[in-house]
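A single structure is presented below for examination.
The chains carry the letters A, B, C and D, assigned in the order they are written, with residues numbered from 1 in each.
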Amino acid sequence: MSSAATPAAGHDPHELDGVPEGILAHHYSSLAAQNEAVRLGMWLFLATEILLFAGLFAGYAIYRFQFPEAFAEASRHLDLSLGTLNTFVLITSSFTVAMAIHFARTDRKNLAVACLIFTIACALGFLGIKSIEYMHKFQEGALPGPYYAFKEVTAPGAPMYFTIYFLTTGLHAVHVIIGMSVLIVLTFKTANGRFSSKYYTGLELGGLYWHLVDLVWIFLFPLLYLI
Amino acid sequence: MNEFFRKLLFLPEQASSFAADVDHLHYFVMMTTVIMAAAVGLCALLFFAIYRRKSEAQTTPHIEPTLMIEAAFVSVPLILFLLWFAVGFRQFVEQDNPPADAIDVYVMAKKWMWKFNYPDGPNAVNVLRVPAGKPVRLLMTSQDVIHSFFVPEFRVKKDVNPGRYTQTWFTATIPGKYQILCSQYCGAGHSIMRGEVIVMPPAEYEAWLANLKRGIPNTQDGTPTPIENVAANTSLVEQGKRIAVEQGCVKCHTVNGERHIGPSWLDMYGRHEKMKTGEMITVDEGYMTESIMDPAAKIVDGFDNVMPSFQNKLAGPEIAALVEYMKSLQSDTVRNTPSEAPLYAPVH
Amino acid sequence: MAETYKPEAPAHRPAAQHDAHEHSATPYVVVWLVLCGLTLLTVMTGKQHLGAIALPLAIAIATTKSLLVLLFFMHLKEQKGIYGMIIFVSVLFALLLMGMTITDVATRFKPLSPAGAPFGSRVQLPDDAEGGDKPALEKEVAH
Amino acid sequence: MLQSIDGSPQTLAAPAEYTPYLKDGTTVMSWLNTRDHKRVGVMFLVLVTLGFFLGGIFALAIRIKLLQPGPFLYDAMTYNRLFTLHGIVMIFFFMIPAIPSGFGNFVLPLMIGARDVAFPRLNLASMYVYLLGASLALWGMIHGGVDTGWTFYTPYSSTTTTNAFPVILGLFIIGFSSIMTGLNFIVTVHTLRAPGMTWMRMPLFVWAVYGTSIIQVLATPVLGLALCVVGVENTLHFGLFDPTRGGDPLLFQHLFWFYSHPAVYIMVLPAMGVMSEVICAFSRKNAFGYNMIAYSSLGIAFVGFFAWGHHMFVTGQSSVNAGIFGVISMLVGVFTAIKVFNWVGTLYRGSISFNTPFLYACGFLYFVVFGGMTGIALATVSLDVHWHDTYFVIAHFHFVMVGAVIMGFLAGLHYWFPKMFGRTYHDGWGLVAGSLIILGFNATFIPQFLLGNAGMPRRYYEYPDQFQALNVASTAGATLLAFGLLIILVYLVVALVSGKRCEQNPWGSKGFEWMTQSPPSTHNFDVIPTITTGPHDYRTHTHSAAFGVHHV
């Protein structure tokens, strides 16, 4: 889905006095206009992501309102240290993606590639920590709906907490995986010199998507872990 | 005038108290719609007739609407629509809040049938008997999917959601038989899930109720489906007393006002209780049902948390019977009048 | 004489692609440190379970963190207003969806959803779920 | 085509030799791998027309069964599947993509003087995603179909044993096609307008499609989430809406209607855009109150998001919510009323010629007023208690959907037929078919209004006997409507094959899309025009005026 959203950037570059140059589609008046359009398209796509998660946050709001003590009790059984670590991992990865774009814009390709690789490592770390938490929950039986068999929390509505937990973190994990694959593609492109101070929109859009994934987690973490 | 419009628009009989008002708003709205549609259509045809194209080379002036016209285009529909809303919403709020002296009936919707429990009478399937001229409140819930209680003649409709109560009310004015239809899609039998409301003159209703209490089901009640027989002789209150004894409630809760392991049930209904957490609540059906299912939720101050939960031990109708029994334990009168409406908790 | 269509050669050499010239990386590092600090803050306050103000405080911290990411990491600060407008409108509609659903649940007729409705939402642990009149829905579900 | 600078009337030079987009590569691959927005638009039109006829077949099957009150022809489960599939196919396969992805794709770049949409490859991807979603849903329909109604209300949709998951997954994927098209158009309007075309000189169809795109981009994700969660609920039973675990079925209804109410404006707004163009073109007059129509398009798009609760007045939603949603639903109605008054104002002192598109415009005016105001009546909270989930609601949304949107679709089809295929159709047959459709449509749905008043609930396989007479009348009307639509199919296909070749601007319209050749070349304009006036400015008569150059 995301590769389709940034179509115009991935053309085979043609050199312009040694510095790679974005290809100008026939119907745009200038390269700047084309980059403007691509960036506007990306921001609109980010708007759709925000509304996608809005639905789940509405569900969270309702069930927290109806079962406050179940939510509080269940959230205390989450592993706060792993959650906090995950938040730091994502914020750092957001920082390194921003640095990667900064290096690309100042023609320091190798540093940019290094930052991107570090970001992908952070993403893998996030997914690793998440799977540890999931395994822990599977053993405990803290699962959504009819599969709920968690002994400690028996307040009414406890399964609703874990339904919301698995839906939100699951959907977020899917977006982390999408973001990671976009970053892997961009790393290869940066490696073979595709982006430069003349043209780095493709990398910037990948970075925007990754920042959004971080934004969603910034809201998810306190709501799920810190009630 | 009312009858003419009602027949013209195929509206069913106005057999409930607010049916007439709703229909008058109906006529006003529909007539304005038809007039506006006709006006716009005729105006377009008129302009077509007058300004038909004279020649291929004809040019037309560039006309912009004056501010006055723009203001009129906005304000006329706005005022009209807001007027409709004002009248409509007032009627809706009146339809949504039952009067205090309404007769309670518990409605249980189930895949493709209706079950009615009268607090102090029999329960019946697919047939709801109500006295004419008295408000009847329906506390409805469903056992599986969403259904919807709809009686066209009363202009009454309310979805019946699983997992919670929804309520609606009506005052049937004209005695007779009216069809209950399910109007929320609920599967294969959605269109055959029909019941019947039999509106009886008050005297006849009391006589019918009295007969049934004495266990003489003299009138065949609609078409009770084989699965559900009509338990004619025991009222909910008596069933509640029997359950209270069977389940051992009376071992901890006295019925004569003495303090025991649990709070006494005498005069409990409607009382303002202080909880352990200091929160003041009024004892109503919601609180009583909640305490049966989850005693630890709200414990009365001065008592400790020893009561076992009856979750999965008691079915829906048994809970309703227990609640009715508790409500009937009033010290001043051993009530056989219809139960008061539950006190509504303030909307916080 | 029809002017045959020729894709316009890029008439002028495009200047450096972006207007604001990037010079130093310090703003990123600063923003990163502030974000880490805010995360620590929200974890500390969250752990103490402050009760009523816990939620608004957590949301406030999360909003400031997201604004920081939006303005600096995503360069919203130095770009045209249209992008900020898009995000603002989408957040507005998101809040609208959450707000109206909460108003509905909050102002519902209270006995309408007693926590322990006859076949209410109490936790049915699989091992003791077979007792009592299990609601038909659950029978069908747990096949 | 040389552009005359001084704007003197340009005698129609022989059309210079150019390769129209239809001839520019005639291999199948050139169509399947096209970057040309016009070809994507034509392919979308073909697909949505197939969807329309499939939905029509389901509709006729339902109408025939309803001739008898008792069981007849097929059983209840088949009936439930039929009305569900009728709803799904008509709404998701036809109504939502028809005008935005069909005509919008073809005409919008022409109208704003662009060579193509902002992201040509995303445009093609949108069509393939639509194809993938539609085929997945069709596969689900063939293997057992789904009987939950197009609204998928839980807990019925989460416990139904019919084959719901592939259909839900198919609709989830079709949602992406809608998002892609909307996103594409917003970026196109923002970045690719011709020089000189300020926001206030854009044609009204572009305003309408712009408003629609905003809704498509901002509302469809919530439908995606709702369908995704219902799919998970139906297969894995996560219990998000499971009432026995404290779940709240109303939460699904909130999520579903948060999309589905703005979705009705995705359907009707483009039709209103087509109407603005057709009424201005055939009365040869500038739009009366251009600003009001333009701003009310945005107003509908924006306020439409606030009004979804009027679908849930009787579902046990709190009366506080009912009040809030009731008031806002009234505001949305005002925007439509403004548009209607301005259309009638446009006719004033125009020079009107009565062709098929204009007949559909008149039909549209009547249906939008009658259908729209019954919508406002339904939003009047106390009347909705009696009407909700009865045939009155069905008559209302068919009046607005079939009446407004399909009239708009047919008007657009007839108005832009010469522009798209370079041929003209037989106008006489067009008028006959149009009047048949308008007549048949009224005969089908006026009885349903009365059925609703009489209290017949919707989605009823067997109904009480007293409703039979009206149902028979409605079925008769439905056959007339179907017959009218078939006539259109016939004479349009005939026109496609052997229609008379037409000149560049057969209607003499001053819409910007008529300023380039018909059918246009692949790159639309030889030289990107500069715009100096608004659209539809008929103060000076130049038969096929040079592009936008007028004595201001």
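Following the convention adopted for this analysis, contacts are C-beta pairs under 8 Å (C-beta built on N, C-alpha and C of every residue); 3 or more make two chains touch, one makes a residue touch a chain.
Given the structure is predicted, the values throughout are model-derived calculations rather than measurements.
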Pair sharing more residue contacts (C-beta pairs) when A-C is set against A-D: A-C
Chain whose Cα centroid lies nearest the overall Cα centroid: D
Length of the line joining the C-alpha centres of subunit A and subunit C, rounded to whole Å: 12
Distance between chain centroids, defined by C-alpha means - subunit B, subunit C (Å): 38
Centroid spacing, where centroids are CA-atom means, of subunit B and subunit D in whole angstrom: 38
Residues of subunit A whose C-beta touches two or more other chains: 26, 29, 40, 44, 47-48, 51, 54-55, 58, 62, 66-67, 146, 148, 156-157, 159-160
Interface hub residues of subunit B, defined as touching at least two other chains: 144-145, 162-164, 166, 294, 297, 347
Where subunit D touches two or more other chains at once, by residue number: 155, 159, 190, 218, 222, 237, 242-248, 250-251, 254-255, 258, 316, 319-320, 523
Partner subunit A, residues of subunit D touching it in the complex: 114-116, 118-122, 125, 176, 179-180, 183-184, 186-187, 190-192, 217-222, 224-226, 229, 232, 236-240, 242, 245-248, 251, 254-255, 258, 523, 528
Residues on subunit A engaged by subunit C in the complex (per definition of touch): 16, 21-22, 24, 26, 29-32, 35, 39-40, 43-44, 46-48, 50-51, 53-55, 57-58, 61-62, 65-67, 72, 80, 84, 87-88, 91-92, 94-95, 97-99, 102, 105-106, 146, 148-149, 151, 153-160, 197-201, 204, 207-208, 211, 214-215, 218-219, 221-223, 225-227
Touch list for subunit A against partner subunit D, complex: 1, 4-5, 7-8, 25-29, 33, 36-38, 40-41, 44-45, 47-49, 51-52, 54-56, 58-59, 62-63, 66-67, 144-146, 148, 156-157, 159-160, 163-164, 166-167
Interfacial residue positions of subunit C with respect to subunit A in the complex: 7-8, 10, 12-14, 16-18, 22, 25, 28-29, 31-32, 35-36, 39, 42-43, 45-47, 49, 54-55, 58-59, 61-62, 65-66, 69-70, 72-75, 79, 82-83, 86-87, 89-91, 93-95, 97-98, 101-102, 105-106, 113, 115-116, 120-123, 125-127, 138, 141-142
Residues of subunit C that touch subunit D when the two form their complex: 1-3, 5, 82, 89-90, 93, 96-97, 100-101, 103-109, 112-113, 119-121, 123-124, 135, 137-138, 140-141
